[in-house]
Structure formats: structure tokens, C-alpha cells
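Note sheet for the following structure.
Chain IDs A, B, C, D, E, F and G follow the sequence of writing; residue 1 opens each chain.
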Amino acid sequence: MELLGLYYYWVFAILLMIGLYAVIVKLNLIKKLIGLSLFQAAVFLLYITMGKLEGGTAPIVTDANANGLFSNPLPQVLILTAIVVGISTMALGLGIVIRIKEEYGTIEEDEIQEIDK
Amino acid sequence: MTAFHSHLPVLQVIVPMLTAPLVILLNQKRLPWIVATAASLCAFAIAVTLAMSVMAGQTIQYSLGAWPAPWGIELAVDAFSALMLLVVTGASSVALLAGAQSLDKDIEHHRQPLFYAAWLLALSGLAGILVTADAFNIFVFMEISSLASYVLISGGPDKRALPAVFKYLVMGTIGATFYLIGVGLIYMMTGTLNLADMAFRIEDVADQTPILLAAGFITIGLALKAAIFPLHIWLPNAYTYAPNMVTVFLAACATKVAIYVLLRFDFFVFQPNLVGHDFQFTFFLLPLSLLAILVGSSVAIFEPKLKRLMAWSSVAQIGYITLGASLLSVSGTTASVLHIFNHSLAKGALFLVMACLGMRIAQLRIDNIAGIAQKMPWTMAAFVLAGLSLIGVPGTAGFISKWYLITASFESGAMGIALVVIILISSLMAVVYIWRIVESAYFRQPEEDLVITEAPIPLLLMTWVVVLMNVYFGFAPGVPIELATGAAELLHGQTP
Amino acid sequence: MYYVVTFALIITMALALTRAILGPSVYDRVLAVNMLGTKTVLLLSVIAFLMGRPDFLDLALAYALINFIGVFAVLEFFRNRAAKQPEEKP
Amino acid sequence: MLLVTLAAAWILWSGFFKPLLLGLGIFSCFLTYVVVKRMGYFNDQFFALHFSFRLIGFWLWLGREVIRSSIDVARIVLSPSLPISPRVIEIKVTAQHPVDQVILANSITLTPGTLALDLHNGVIKVHALTEAGATDLLSGEMDKRVAQLSKN
Amino acid sequence: MTIALSFLIPIVGALLILAASRVSDNLREGVTLATAVALAINVWSLIPELMSGGRPELQLFEILPGIDFGFQIEPLGMLFAALASGLWIVNSIYSIGYMRANKENKQTRFYVFFALSITATIGIAFSANLFTLFLFYEVLTLCTYPLVSHKGDAKTIRSARIYLGVLLTTSIGLLLPAILWTYFVAGTGDFTPGGILEGNLEGPALGLLLGLFVFGIGKAAVMPVHRWLPAAMVAPTPVSALLHAVAVVKAGVFTVIKVIVYIFGVEHLFAEPSSGWLLYAAAFTVIVASIVALKQTNIKRLLAYSTVAQLSYVVMAAAILKPLAEVGASMHIVAHAFGKITLFFAAGAIYTAAKKTEVWQLKGIGRRMPWTMAAFTIGALSMIGVPPTGGFVSKWFILAGAFESDNYVAIATIIGSTVLNAAYFLPIIFAVWFSREDPEQKLDHGEAPWPMVTALSITAALTIGLFLFNAPLIALESQIVGIVK
Amino acid sequence: MTVIFGFFLLTLLLITAVAIVQSQNLFVSVMLSGMFSLLLAVNFFLLDAADVALTEAAVGAGISTVLLLSALAITAKHEKAPSSSRVGALIIVIIATLVLIYATLGNPQFADPNAPVHQHVAPWYLDKTAEAIDIPNVVTAVLGSFRGYDTLGEVFVVFTAGIGVLFLLGTQPGPFAQSNPFKLTDPKGLRHYLIPRVVGRMLIPFILLFGLYVQFHGEYGPGGGFQAGALIAAAIILFALLEGENSALKVIPRSVLIGLIAGGALLYGVVGLFGIFLGSNFLDYSVLSSNPVKGQQMGLLIIEAGVGITVTGVLLSIFHAFAARGKF
Amino acid sequence: MELFLDIASWILMSLGGVFVFIGGLGALRMPDLYTRMHAAGITDSIAPILIIPGLMLQAGLTLASVKLLAILVFLLLTGPTASNALASAALLAGNRSEQVKSTAVPESEE
């Protein structure tokens, strides 16, 4: 159980680094953005994991589950916001990528640098 | 304190914020600008009022939704944030007042409502970071300001603005996400998001690996946002290709706000609680600051593009700010905070001059401005004065902070002498790169006859206002010094 | 008992994922994604019962709707691409 | 008609009968109605809901078909040799109304072993996994039943 | 009030010059002269108060705790200010002639920056503390750059860059740290009689600080930071006069003296062995610069190296650290100012009238330009230190100081340099008056334009006057000595 | 037991992530990231985060796939062969991963009730929600009221992204739209496809209604303004796919969209300001009604509506802006 | 009665699970796109038909049942539609992409 719990955090770590790797290494701008969203997803996982409570359930109090054990609502709230931030960033990033394509005719970073020289 | 006064912290943020949706609904030619400027000035007035209250000895707190502190979000304005608010709102107001024509040139008319809305959002985002006392709320407003900044920068006339802003976006997002991870880890260990509460509760769990990790993440993330060497690579291009007025605004405050958060976290939350935390300052931040200063200045010396030159100079100047902080003394931090203020003045003025030049010259390169001082005497005179301030010549604001920085270096013992030497060397480098421009503008013959005139009056006027502020604060730096000292004492946990 | 279904679903999801990764054509991947989406809807329904919160079926409903839209977006995308490369008709 | 369906859907989803929520429900239904009207739902003949008891009968029949062919396909999948003989056939649709045509096509797809590839001008192109499935379909049983649906 | 006026007059003058240039050149130059005269009267009017022991001051504001922006007049500063403001009149007269005769362009810029340079000089002279002094020191550097680079061609700009580079580098790299150090150890930078470092800084550190100051004050041109001075020779002659006689180098040595007297404190420094190197450095500079001067053929370069030598003379005098020597040092500022300005005026006159710049071209020119060359002779004699010139008086005092302290190095240097001075000036004088003109050259020039001749005559007269009527000056300088004691 | 499911799902998640990064075909990456989002959402659901799961599904699998695809349609489908300098980055990343994994050993035990997270502020929220706001969904209560300021910020983040994309791509068609032959020949979406069209049309009203349902039941179950906005926008995007860009714009014109964007954000802000005008603090809803609890509920309802309106407007605007650049 | 319903629902759900698995397996084993779609079709049609009623039996006559029914209807409506959309897209690109080339779709098609 304990190890399984840790596994969540490990997945966070690995995902984070996979995302970061994609952002650093990939030259394609859209791929970078996808990597970025993986990167952010890792953080979502971190927060939600820490909010889980043994035996708890989703923090929506109805008559059926009034035993009083609920997972922590706060990280969930934070992550709702973070998801929205993520998609906003992605949308803006894509907008920029489209403009880059229009101006440069490519979305590969090295080719863009070549053109800018 | 009247009832209205008590709402000022939140009004500081929401006045520009709620004006933004209104702005995009406006279609008349000048109206978006007028409304945006009015909102910005209003924010500035609020910032001044807040600063006065803070100087009168109050720390202003405000609970949003009337929920008490660690549960609800709390706003708090102290000396540090008051000073930063002045910088941010001031920079925005100046740039807007000065920038109508310059922005007309860069941004098509039908896109202007959106642009000014983004401007106001950037402003409110930065202000939001400064007033809040909640770690997660900082993230939210950081993102508002960042996204808005991306929009603003992407309005640049050169197509190279786009890759630049993309790079900024990627790095900025990584920075913000790192910060978010750090906050999450701290929350995991302390169960709170309120900064003051956090500083208090972190003591029990200090030195456990997650907290150390959190410190690392937060520091790196914010360093990315603040363009601290060697994480500065997004900055030069972003500043270079942004519309001139945007550069004025952002150069004066965007990275500084990230530094603000960094200092807050490091001194407030980590420093008192983490063993060996001060080592990290000495072993990482200090050498990096020095490198930033030297590398930034050296690159600036050889850079032919004016705005890029200024941007590299900013990298160096950020080095000064972090250098002050890394000395870990009250006087060092004072110097650091003070330099935030003074560098904003100097760099703001310089970028305003760039905007003036940009109104008349297509490509801002050193060779292109040969002999321009004859045609634009006022502009170049402003440049000279602002440049002196950047160098740190006595009688200008830039001197004051360098003075404090050097004093602080001396205090730090034997190493201090070496620091002073480096500071002075880099000042000399600043002389060189400023001088190259002055020389070209004043003492070289234009290649062909320049048919240009002086910059538009409002722009020039605001440029001179800022330049004169440089001089004014060079002779009467009482207010910023008081606030900066207050901030430093606060950060070091000494109640003034 | 829910566990059996859940496991069956998860394993099928893994199979779908394998198909998505193997390809070979993009259409195979779309197929896999679509399959995975359907399985997710079912999985969510089952888990809702498993966790004793049947009121969370809203989620499954939302998924069903969204998954559908996603596939249409893909179709539109292909149709476009096909149109973008005008072929010479024999 | 649509409004009634929507209202029913709302109440069944919501399950709350507080006045506020009911009010919001009515508001939502009308909002949806307005948007849908703007989308031109009532301008052409595509959108037609007709219920009949035959539909239920059809569904039951269809369900049986689905189960039967599912087992067939499952057997194929599980057999080591994969005894498939895929082919493409075309069926002419008897029903005229587009909705009915679509129902037929979807029913074909829904039945494992057959897959409607294309519906154009009343002709459905079908991909069948096995010979048996193809002949089954060509017998026209399904087509007949669908055609009967709209015959009132 | 008078102090404030000392700044307002030249600044307003600069603006008026700018305005007047739109109207006519004559008006512009009229304004220049009027400003110069007004300033001189204003500055001189302070002398009586000073002589009676008053120390007028003007505190403007406090920038940082312990750092003020303010002025205080004491005898040494007064001497310098009076000198500069007085010579500005003469120099203006000369400039008018020079600029017109040589048809220089950008004359307005020239006059404006000249006025600003004077402002800065007055600021240096009157400053009450190191901070204010540094401020005006830098302003002076920057204001003179446009003057030095007046011609604007590539070569000039290169030389001007050296000028600026050396001065700024030394001031920011060495002087500023020295000032900061001072503030840091003493908590203040106010010029205080008897110095402020006593009890605050002892031992080798004191010598180090002295080094930072002396080399940081690049304007004093102690070797090896003298490079800017020959480089600045590309400037028009009135500017050279300004550099060498009126403002820049004088500001350098003035600052050195002032720092030694009012920051270190003569006695504190005298008691500290580690500061002895200064004397040797200065002596070295005197000798070496004189030898270099000996080899120069260009008149202005020769004069430039002569200046380097003479400046170190002053520094050395100050470094003797005896009251009489301090009087001699300040006296030598004046004497050298008069003498050197005369020499430069003469050189400029020769250039204007005959377009000659080299020493060997001067054979027999005394017959065509008797006034000019007479003045030149007087100036040269003053450099050597021959009576009846001002140079003799100052050397006398310095020598007296040296004997007082039994400083044989200083004595030897003075004697040696006198010989060297004679060695490079006397042949010129001889050639000018007694050689025959080169017959191959077609010569038809006479004297330079009258404003130039007038100006150089005045300064020559002053050089002699300094020998004859030096009592008031010595009285003024004794005030410094009084403070020293 | 759910943890074991979690284990499998997380493993799938990791495999998907690696596949996303490895794939050279951008389209495949996009499809896989859609799957990734679904898997992630299921994981969230297993971790009791129903609201988050709904949002992740609506955003990750729905909206972001659509956006990525429309961007792909304009830009490129394949990425170029990767650069050579990958090994260094890989090593760094692996080291960093190991460091992170090592650091997790100090984390509080998974789902431990004694962990600090569950001790300090969380119980207060659970108690206080029942007492002061009296709605079942604590997440909504925290989101809308206790940390309503964050949510205001979130709305403005969306708002910023919306105006950002509009600013970048404008309302005028870009250069590619003209050069794109497809745009001119067939602006009508999936008209020729009878089956999708008929089924789609049948579903759209229900999707819309479901969106509104999610909107207004945010206080009772998972959901709220953001999810609702995403769903409603998805419904209209579906319509646009089926009937073509222009038909969708006829239904909700651009001017209306701008109005929605601004109006929703303003609505939120104005509710907050009412707190000030009525003598309390910003975003204090309890003063909206004589009964503080009723006031809170009213405030939540209105701000959720504001969120929903803005999100719908922004997402649609972004979609249209992308689509106008090249036919999607 | 309880027990009977339980057993019925367990049976339905288990069967559903089995079919789901078989479908997944088929999707992996089948040789080309179209045949794979048949296999996937199992999971799209028979699996919901079995599993969701199984759940409905568990839920009894509650709102949850209604929602389940709605889900079922949606799935049955959208599943084939999506398959069809995919198939026609593949068909559109059919004779261009080597990978999609089916054993059964003739070359001349389109």
C-alpha cells in the first residue's frame, strides 16, 4: 500500500521529466507545447494525489455518504484553476505557432533560427 | 482609515482588471487608450495612497470574501509591496501616457482594444502578485500577467517577435509550473497556502526532503521568470522585438516582480527555517549574479541593436539586484530593493528614448543613429541623462543603489573588496555601451541627410518626466530608501 | 464483482493503447482512441458504483459526449487533408 | 416536442425539485431551444422525431441480432486461425427519409461483423467481416424492418 | 547666494549662448564674454569674506545619510575658482579670435560646452565633500569630451575616446572606490581641516587609499595615467588651454591637494611611512615626462608633456607634506596656469597665423610675430622657473618646503627638472629669435588676429605680475597653511 | 483496491506519455494526448477528484484535442527528424527524475489521514461549507467563495488567452486562408455525410442542455461554470464541424462572442464589487441577501454563470479564430 | 429477489467484461483497419448493452438508472456514428495510404 502510494509520486516525477525532456529536446513547436501540457499534467497529478484521504470520498456531501470522511477539496480547487491555466497557455501558444507558420513557413525551431540569421 | 481606504488593496488589482473587459467593447478610435490610461492612472493613485499608508507605519491587510486568513485569501501590503506597486503602476501609467502614438504605429487600429485590454491585464496581474499574501494566488496572477505579457510582446512589428514570444511562453510556463510544484510540496508538508502561516508552520517540517525540493523548485521557477542568469535566454529577444512601449512597461517591472516573489519566499519562508539555506545564496546566487553582471555587460558592449543592447544590460542589472540579495544582510537587501526601483527608473527612461527613436527610425541600430542628436536633441539629451543613471553616476538615482550595494559589499568582509571591484568594472562596461550610443548619436556624421524631426511631444514629455525623476531621486532618494529599508528589515525579520 | 469488469475494462484499455501505439495507420490510432473513450465511459460508470457514488454518472455522460466530438474533429481534419492534396483522378 | 423532451431530460438528470433549480431548468430548456432554433433545426426536414411502438420492437430485434453476431465475431476473434473473409457489398435502401436511412446504416454498424462505410444517394456501402454476415445482410431483413418504421 | 550665482551664471550663460547663436555670431560671443566677466566678478567678490576668515557655504540637500550635496568655500578652492573664472575671460577673447580665424564649425557647441565645463570647474572648486566633488569631476570629464573631439573626424574621435576612456576608467575604477572606502571608514566625506581619516585608517591601507586617490584622479596625470593628456592634443588650441591651464588638469592637481590636506590631513599622512611612495612616483613622473618632452617636435605635444611634468611637480610639492610646500603647490597651480596658457595661446597663434605646428618650423619666427613670441618666451621662462616670472616664486616655495623637511629627493628632482625644462625650452627660444628663417618657405604672415594677441599678452603680463605682486595670493594661501598648522 | 486500479492506469499513463514524446507523427501525438487526458481523468476520479476529472476530460480530451488539430491543420503534420544532441538532455532528465523519486521518500504516506494536508485548513472547509453556504459540493464552495479570488483570476486567465488569440489571429482571415484551396471550394463542413449529420443534430440539443445542467448543478455535483462552458462550446463546435464554420457563426456571431467574453468576466467582478458596495469585503456574497447563507448560494450561482459565459465565449472565439486561418 | 437481481446483474456485467476483453483482443489481432473496426464494434455495441443494464439492475429504480439509460442511448447512437465517420475518412484516403489498404476494398473504389 505504501509503495503503491509512492508510485503516484513517482509517476509524477517521471511524467514531469518526460514533459520537460520533450520541451527541451523537441524542435517542433507544437511538440513542445504538447510536452508542456504533459509537464503540467504531472503537477495536476501531484496535487490531486496529496489530497486523497484513506477511506475518503469525493468532497460532495450528500445524505448517502455522511460518514464524514472526504478527500481534501483544496488541492482539487487549485488544480481546477491550474488546468484552466494550462489550456489557456496552450491556446495562446498555438495561436503564436500559427502566426509563426504564417510568417516563417515552418514550425521547426532550428529552421526558424536559420531564417532569422 | 476610512471604509473606502480599507478596500484599496483589492481595488489596486481589480480596477485595471475589470476595466479590461470594458476596453474590448470599445470601438472608437481613441477610447480604448483613454480608458486604459485612466485605469492605469487610477491604479497609480491607489499605489501612492497605499505607499503613504505604509510609510505611516501600517501594514495593510485585507481578507477577500471576509473569510479569515489561512482559509480565505488574504491580501497584505507592506513596505516591499508598496514600493513595487509604485514601480509597476508608475511604469504602466508612464508608458501609456507616452505611448499613444508609438502604439498606433505598432498596432493596427482594429486590434487596439484587445491590446489595451491585455495591457491592463498585465498590469493587474503584476499588481495582484504584489498585494497577495497567498502562495497559490501568486501563481494565478503570475499567469495572468504572463499570458498578457505574451500577448503584448507578440504585438511587436517585427516577425521575430513571434519566436521570441514563443520561447518566453515556454520558459515562462516552465517557470510558473516549477513554482506551482514547489508550492504544492510545501502545501503537502504544511497544509497551508498563506505565506505567513506557511513561514510559521514550515518550521516543524523544515529540512525534510520535500521542503528542500520545494525550495529548489520555487527558486529555479522564479529565477526563470526573473531571467536570472543563466536562465535569462528568453529575455533579450522578447524585449528587443516587443513594441517599444511594451518594452518600457515590462522592462521596468515584469522580471522585478518575479524577483520580488523570490525574495519573499527565500527570506520569509525558507531562510529562517532551512539549515544551510544561506550557503546556497553564497555558493549559487552570488557567483551567478556576478556572472550575470559581467556576461550581460560584455554582450551589451558588442551588440549593435539598440534594444537588444538594453535588454542585455537588463540581464546585468538583474545581476546587481540578486547580488544585493545574496549578501544576506539588511543593507544588501536594501540595496537590492532599491536597485529594483532605480533600475526601473533608468531602464524605463532608456526604453522610452528607444521608443522616441523608434518613432523616427526604422531599424534601431547603432550605425543608424549616427548624428541623430542634431535632429532629435531632446531625445538624445534624455538618453544621456538616463544612461548616466544606468551607469550609476552620482546625482542620479542609479548611483544611490550602487552606493548601497557597495556599502553592503564592504560590510561583507574581505570578499567585499572583490565584489566592489566587479561592480565597478561592470559600471565601466556600462559606460562603454552607453557611450557607444552617445558617440554615434552626437559625434558621428550621418551617412545621408536625415529627414527626421523630434519625437512626438507626449512621448518626449514623459521621457523627460522619467529622466528628471532619475535626477530627482538621485538627489532626494528619501522615499524609496525608506521603503526599501523597511522592506529589507521586513525580509530579514527585523521589525523596524 | 465490479472488480472483474473493471479489470476487463482496464486490460482492454491497455490493448487499445497498444493498438494506438502500434498503429500502423493513423486510422488505427483513431480507432483505438475511440475505443478507449468508450471503455472510459464504461469504466467510469462502473467505478462510480464501485465507490458507492452513483451520482457521479454525470461524468460518464459528459465523456460520452466529448469523445464523440473528438472523433468528429479528427474526421474533419482528415477530410481537410484529403482535400488539401488534390489528387489527379484517373 | 423538443421542449418536452428537453424538460424531461432535465428533470431526470437533475432530480432536484427546488423552485430555483426548476426555474433554471425551464430557463435552460428555453435557452437550448433558442440556440437550436437559430441553428436552423426547424427549417429543413432533417430533424424529425417520431416515436412509435414499432421502434421498440425494432430495438428488441436489433438487440437480438447484435448479441447473435457478437458471439459470432467473438468466436472468430478467439479462434487461432482468424477465419475471416472480408468483403464490401452495397445495399439499396428502401426507406426514403434520411433519418430512416441513417437508422439503417447505424444499425448495420452496430451489429458486429458488418460496418457501414458510406451512405450516399440511398446506397449503403457495407464492409462485412465474413461471407455469412454479408449474405445475411443482403437478405434485406433489416432493410425491411427499418422501412416499416416510418410507415404509419 | 553668491555661491549659487556662481553656478547659475555659467549655466544661464550657456543657455543664452545657445539662444543668441540663433541671432548672430557676434551676439553669441558677446554673451560669452559677458558671462565670463560676470562670473569672475561674482567669484572674486567672495575673496574679501574669505580673507577675513569666513567660510561661506551652501548646503543643498542630504542625499543619503552622511552624503550631502553642498558647497563650502575655503582658500584653496577659492584660489582655483578665481583662477579658472579669471582665465575664462582671457580664454574667451582668445577663442573668438581663434575660432573665427580658423573657421571652425560647430562654434556654438564649443562655447556652450566651454561654459558648462567652467560650471563644473567651479563645482569642483567649491564642493564641500568628496561626493559633490566627484559629481562635478565627472561632469567636467563629460563636458570636455565634445570640446576635445571638436573636429569630429575619425582620428579625433579615436583620440577623444582615449581621453574619455582614461579619465572615466580611472575615476570610476579607482577614485570612486577610494571615495567609497573613505565614506565607509570615516562615515563622512566632508572636507575637514586636518583630515578625517586620522584614527580611522592607519598603516599600509592608508598608503593604498592614497594610491587609489592619486591614480584615480586621472586628471592629475601622474604616470602612468597621463596618456590622455597627449591624446587630447587633437583639440583646438583654446581647448588645450582650457585643459592645461584653466580647468581640467588643474582640477586634477587641485583635487589631489585638497584630498591630501582635507581628507588625509597633512600631519596624519606625514606620520605614515607607507605614503612616502607618492613623492617618488611624482618625482619619477617629473623627470620622465621632461625627458619625453625633450624628444617632441610637435609644439603642442611638447607642451603637453611639459604639463605632465609640471603637474607632478604640484603633486610632489603636495607630497612633501610641509606647509611651505603646500603653499608652493597651490602657488604652482597658478603660476603654471598663467605660464602654460600663455604658451598654448602662443602655439595657437602660430598655428593660426602661420599654420606651423612643429618646433623646427619656428626658426626666426620671432621677427614676424614679436608679440606672440615675446609672450612665449615669458611663458617658457616661467616654466623653467627663472625670475622675473611666477614660476620662480612657486619653485621657491616648494624648494623651501623641501629643505624644511630635508627631502633630498624632492630637491634633486626640482633641480633636475629645471635643467631639463631649460633644455627643451631654451633652444626653441633661441631659434625663434636668433635663427634665420628658412628661405625656401614663402612667408607672408604677420601677427595672429588681435583678440588672440591681446589674450596672450594679458596672460604673459600676468605671469610677470605673479612675480611682482604675489602678496595677496600668498596671503590667501597662507590661510591654507594656517589650516594645515 | 482502487489503488491497484490506479497502479495500472498510471502505468498506462506513463506508456502513453512516452509514446507521445516518441512519436514523430504529430497527429499521432495529438491523438495519444487525448488518450492521455482520458486516462489522467480516470485517475483523478479514482483519487476522489470528480470535478477535476470532469474538467480534465472536457479540456484535455475535448477542447485541447480540437485546438491542437486545428493548429495542425494549418501548420504541419510531421515533425522533422530530431536533433542529435539528445543524449545529454536525456541523462540530465534521468538524473533529475531519480532525484525527484528519491525526494518523494520523505513525502507523507499516501492517503494518510494524519498528513498535514488533511489537518490544517481542509477540515475547516468541510465544516464551514455546511454551516455558512450549505451546499453539498465543497469543491464548488471553496472554488467560488473561500477562494473566489483565485477563481476570478482563473476567469481572467481564460479571458486573457481569449483576447490574446483574437489579437494574434485577428478577426480577419490570414494569408493562409486565401491560399488554401479547400477553404474556397467547400466551406460547408460535413454536409455530405449524412450519418454524422443526422446523429449530430439529434445530439446537439442534449449536449447543450447537459452543459447547462452541469452549469447549474455545480453546487450539487461535479461540475460548474468551467466544465459547462467547455461542454457548451463543444456542442457549438460540433455544430460548426457538421454544418460549417459560417453556419455556426450565424448562430452566434463574433460580436456576441466578444460580448460573452467581456460580459461573463464583468459579471463575476460586479458580483464581487457588490460585496464592497453593501458594506463588506470584495467577493463576500453573504451580503447579497438578508440571509447570509442564501446570499452565498446566490453569489455562487451568479459567479458560476459568469465563469460559464466567459469560458464559452473564449473557447468559441479561439476555435473560430483558428478555423478562420485555414479551413479546419 | 435482491439476490436474484444481484446475480442477474453480475452475470450481465461479467459477460460484458468478457466481450470487452474479446473486442480488445480482436482489435489487436485483426489484420487490417476495417476488420479491426469490427472487433472494436463488439466493445462499442454489445459491451454497453450488457454492462449498463447490469449496473441499472444494481441501481434499481433511481435517477442513476435514468442516467445510465441516457449513457447507453448516447453510446449506442454515437458509437456507430463515430465508426462510420472513421470508416469514411479511411475510405477517403483509402487508395492513397498503403497502410489502410484493405483486403476487401477494391482499388477502384472511392
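The rule is short, and it goes like this: a contact is a pair of C-beta atoms (placed from the backbone, for glycine too) under 8 Å apart; a residue touches a chain by one contact, two chains touch by 3 or more.
Model, not experiment: these values are computed from the prediction.
Chains making contact with chain B as well as with chain F: A. The chain with its C-alpha centre at the largest distance from the centre of chain G is E.
Set side by side, A-B and C-F show the greater C-beta contact count at C-F.
Ranking all chains by how far their C-alpha centres lie from the centre of chain A, first place goes to E. Taking each chain's centre as the average of its CA atoms, chain B and chain C sit 47 Å apart. Chain B and chain E, compared by their mean Cα positions, are separated by 45 Å. If you average the CA atoms of chain F and of chain G, the two centres end up 28 Å from each other. Mean C-alpha positions place chain A and chain C at a centre distance of 20 Å. Among all residues of chain G, those that touch two or more other chains are 23, 25, 37, 44, 63, 67, 70, 74, 77-79, 81, 83-85, 88.
Multi-chain contact residues, meaning those touching two or more other chains, occur in chain F at positions 48, 50, 72, 100, 104-105, 107-108, 115, 117-118, 121-122, 125, 147, 150, 153-154, 157, 160-161, 164, 168, 193, 195-196, 199-200, 202-203, 210, 213, 217, 220-222. Looking at chain B, residues 136, 140, 143, 147, 150-151, 154, 187-188, 193 sit in touch with two or more other chains.
Here the chains touching each other pair up as A-B, A-C, A-F, B-E, B-F, C-F, C-G, D-F, D-G, F-G. Contact residues on chain D toward chain G in their complex (touch as defined above): 9, 12-13, 15, 63, 66-67, 70, 73-74, 76-78, 82, 84, 86-88, 105-107, 109-119, 127, 129.
Contact residues on chain F toward chain B in their complex (touch as defined above): 100, 102-108, 115-122, 124-125, 128, 145-150, 152-154, 156-157, 159-161, 163-164, 166-168, 170-171, 258-259, 261-263, 265-266, 269-270, 272-273, 275-276, 279-286. Residues of chain C that touch chain F in their complex: 3, 6-7, 10, 13-14, 17, 20-21, 23, 26, 29-30, 32-33, 36-37, 40, 43-44, 47, 50-51, 53, 55-56, 58-59, 61-63, 65-70, 72-77, 79-81, 83-84, 86.
Within the complex formed with chain D, the chain F residues making contact are 192, 194-195, 197-199, 201-202, 204-206, 208-210, 212-213, 215-217, 220, 236, 239, 243, 247, 250-252, 301. Interface residues of chain F, counted against chain G in their complex, comprise 193, 195-196, 199-200, 202-203.
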